[in-house]
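Per-chain numbering from 1; labels A, B, C and D assigned in written order.
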């Protein structure tokens, strides 16, 4: 079992690139950068094969125990079970494809080696996060992901707005991280261990269902998850994070970072199940986010921002699934989403690159002919995102969530309706994007025609996002449940409420209908009568603006937090806390002068010191006696 | 005569060292040859170490009435022997280039090591005293070894008068203890104390006077004033020896003595050591911050470090002893490394002790500067160095026994300490190139360089993977 | 017995006071010999005849003679006495004296109250000492040999007349 | 009563010890300092003999012998050093040897 190699290889790659990157040729950089992740992916395949063939429930590997002192025993040890296997599979494979894509995409960039170093580190952090067997290591990965996202979003740091976006991502996610850290402290306080498996095993014995502590801890963990996964109310960083290069966006959105929150909740589901109210909140956050983000996506004109909001919305689906205890459905959607979202981002990146870094969809169009491969793969990804029935992976994964949000034991009609509304909007904005970009007249000249480095990953991802759906089929399609069976040892399956089995086909029909009608609406608005959308925009200008600005969250936060904080900092320019440190310095210097005086170099003086010490010791003895 | 009772095997390390020093002396009588005597010294030290590795593991027996040979003692003896080996490797080039008669140095080095090794295994006032004095008397001459340097003589005489002076206190204290308890054996004193309900005043005074003698050797406040002057005046390898082997032996003795007599029962003793520890941690660091002489900075920092060690000593128990052992390993490694850097950079007339000598060192001698940086970071206790793990161990033992005040002062002291360690590092990275006054000797210093590399690799290794060493220590202390 | 002890003790103290206050080193050393002899008497009274003999032979004999030798080698002249007079002024000795008196009174208090009661005077003769020295403490004797060796090697190295500083290439020729 | 109390012996030792101590503190001549340290060591030896005599054990005298050994070794090294210093500094002033400080 060389489990530790999986995160170690990208780390080593990153290390090599940091140390020697400037001396290596671009070709070598590409080989080291993507090769390390590729090897990881191979080992993942091998490990996965072994895992399945031995039908083990978990592998455990302790790579390195730092020390074991007085009960403090930080160790780098990994735990592999079905859940983390799915994650590392997605991370390494999608990550690898993104790396390959980047070798072409970033070919002309000066920071080539730096880019791959960060990218490798990103993958390594995420792998550490999902493989960690204790929360301390998980937190390390968690922060590593945060750091790398900061570095990568601000990759083109010469432009001020990129730096701003990077800082925003870092600070906003920090809010969640803080909550998570407090939650972890509380966990340690309660269980005296940070081992995830032990905590999961002990939690049901220690807490009753609905226990207050469980509730508080769950909410704190949720806080962390919400921050990283860009859910309400901490979603504002993600759209700005588009400032980074497209492969970075793909990596953040598909394989790493935003899914960390989903992973965290799934991983700690034992705690969440003890706090049904917290679980309910997870569902509500998911439902609200998916609709909110969907409406915002409708109004964006920047290609990548549409995709960003769509990610927020899709993660909302996963949260909704988690909220109704449909654990494996959430993970299933995560996987499929990773495929098609990576595909969409990479394709979008190719489009943007072809159009000389033009992001505005209204300035695109007619690319269907010029970039056929991109078009077809993008179409597959878009259909999957819009969950077009039967042929797309997205349909099967999203359908499962829709179904369980209604019929699952924690499901209700409101969740279902929100999810349905979300699905409708999703297919509208998805096809709006497709139509605006690829159909109609060509508005910008096509420059760079993508080569193999870009098209091959796209084709593979397109394949995966189609085939991927067929590993888990609903009851009405033959009830093929490889995926949820696989996850079952880790994530309990959800039971369906009485009397709902019979209407499953109806729900599927509705979902399919909604998706198709969304496509139709988009078709009407953007192909048949292109003027119609403009009319709508002007007639409801305020609403459009409101949606366009992401429901005004940014300005709200600006008024609520940023402005007061700046105000306080203005008052406190000479930091009060600094006084303490200045004081320490002053005291040190003061004592230094005094005691330096005693080091006079005169022998008799030193003897005097010893005598005085002796007198003090004896006097102390006499007083205390 | 009942001489034959002593099992030769038990005291073999000591016999080995004695024989080595005798052979060294005889070889001088026949022909002076630096290389030969250096080789002899290193080989015999290696031999002792290998013997300790192979034969002496964690068994425990006593050689009545003077010695106790147990895991703790064996472990630290091994550490001492290895440290002396490293120091003698560093000494070769250092003394080779100086036109002194350098051969006697090795005899003294071996004898001093013997003294320290005896301190480590002694369980009786007589062996304590003899070990201490063998160590001290060898050190007097080692400190003043370079006779061309007035500073060396000055340091020598200061050390001699003060050490003899504090030995007198130690002896008087021991006499008082003996007069009350009727035994000079640690276990005899422990028996007396366990039968007595309270600590008799005379005995208490005896302990107090003994603390003066012990405190002097450790260089803790207020018996610390000799440290900077002696460190500065002594040749760099000798300074390394004083900082590590000489202090380490005393630490072990202190731990053994007070653990055996269970001195922690008596609040006045604990209070005395607490005050000494706090004063050492603070004053040692305070003294260093505006110092511009690297050797003196290291001297002041060693005062503080001994204060840190006292925290674990006061915590006592298994964890405390483990912490002391680990800390000593880390402390030995880093100090020998640091003084090794000083000695490698020293030229014919003076040691590289001014901070200006280090200006821009990184751009002139990147390897040496890197080693020195690593050593300083370890002294400062930056994570992933042995120093950090050692310090963490100390804190853990302190926290475990709720010595909050001590732990707090330890933290404050470390923060202050960071300042002057970083100051040296910053100086080394200063791009404005310093004066190239100190020339490295080619060829000769290769052996030093290799030693330094080994030391720094070990230091990093124990920082990244301390668990092996921890288990080793636990195994020895079983 | 008791009276002899007190007289010898008084002599020892007085002569030691004389030692530390003399300006001439040789005078001081002569008082030191007196002090050691008085102590030898004390040892004898305390029942340690062997120690008494050693005190005279080694301390009063060997060590003091050694010091006198060195003083003669240094060839100190009359100025040295004047120098000592200048050094030993009240502002030099008042402070230390006060400190020492504090320490002494503490020790007196502790010793007289501190439970070290009992009488002394039982003779422990050479035979006992010898048996114990070459019995259990044999290793100690060996070690004291090492101690002396360290002293001899050190003294030899440090005390050797300094060579004229010659260039390293010329050194061989001069030898 | 014709017996000598342990305390008297120890007090004599303490008095001599303190005289030696005061000598070290007030004399600037290094030879004097060395001599005074010898006085201190000697009085410590006295204390050992008193204690040994109290318990009628030879251990006190054994220790005295070792102290004697150490004193001899120390004086020899010390005198050699003093010779050195006299060569170097042309003085025996202990206070003059203060080139290292701070």
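As a working rule, contacts are C-beta pairs under 8 Å (C-beta built on N, C-alpha and C of every residue); 3 or more make two chains touch, one makes a residue touch a chain.
Note that the structure is predicted; figures quoted are calculated from it, not measured.
Trainee: Tell me, which chains sit next to both chain B and chain D?
Mentor: Shared contacts of chain B and chain D: A, C.
Trainee: Find the two chains joined by the most C-beta pairs in contact, please.
Mentor: So the pair of chains linked by the most contacts is C-D.
Trainee: Based only on mean CA positions, could you tell me how far chain A sits from chain B in angstrom?
Mentor: 52
Trainee: Nearest whole angstrom, what separates the Cα centre of chain C from the Cα centre of chain D?
Mentor: About 5 Å, centre to centre.
Trainee: Once you find the CA centre of chain A and the CA centre of chain D, what distance in Å lies between them?
Mentor: The answer is 76 Å.
Trainee: What whole-Å value do you get for the distance between chain A and chain C if each is reduced to the mean of its CA atoms?
Mentor: Distance between chain centres, rounded to whole Å: 80 Å.
Trainee: Two or more other chains in contact with one residue: find those residues in chain B.
Mentor: Where chain B meets two or more other chains at a single residue, that happens at 126, 130, 133, 137, 140-141, 144, 147, 156-158, 161, 165, 176, 179, 201-202, 204-205, 228-229.
Trainee: Can you list the chain A residues in contact with two or more other chains?
Mentor: Residues 596, 599, 601, 603-604, 607-608, 611-612, 614, 618, 621-622.
Trainee: At which residue positions does chain D touch at least two other chains?
Mentor: If we look for residues of chain D contacting two or more partner chains, we find 6, 10, 14, 17, 20-21, 24-26, 28, 33-34, 45, 50, 52, 54, 57, 59-60, 62, 66, 70, 73-74, 77, 81-82, 84, 94, 97-102.
Trainee: Have a look at which chains touch which and call the overall pattern line, ring, star, complete or other.
Mentor: complete
Trainee: Which chain B residues qualify as touching chain C in the complex?
Mentor: So the residues of chain B touching chain C come out as 1-3, 6, 11, 18, 21-22, 25, 63-67, 99, 101, 104, 107-108, 111-112, 114-115, 118, 126-127, 130-131, 133-134, 137-138, 140-142, 144-145, 147-148, 156, 176, 179-180, 200-205.
Trainee: For the complex, give me every residue of chain C touching chain B.
Mentor: Listed in rising order, the residues of chain C that touch chain B are 106-107, 110-111, 113-116, 134-140, 142-144, 146-147, 149-151, 153-158, 160, 162, 165, 168, 171.
Trainee: Would you mind writing out the residues of chain A in touch with chain C in their complex?
Mentor: 604, 608, 611-612, 614-615, 618-619, 621-622
Trainee: Can you list the residues on chain D that touch chain C in the complex?
Mentor: For chain D paired with chain C, touching residues are 1-12, 14-23, 25-29, 31-32, 34-36, 38-39, 42, 45-46, 49-50, 52-54, 56-62, 64-66, 68-77, 79-84, 86-87, 92-93.
Trainee: Would you pull the chain D residues touching chain B in the complex into a rising list?
Mentor: 6, 10, 13-14, 17, 20, 24, 30, 33-34, 37, 40-41, 43-45, 47-48, 50-52, 54-55, 57, 59-60, 62-63, 66-67, 70, 73-74, 77-78, 81-82, 84-85, 88-89, 94, 97-102
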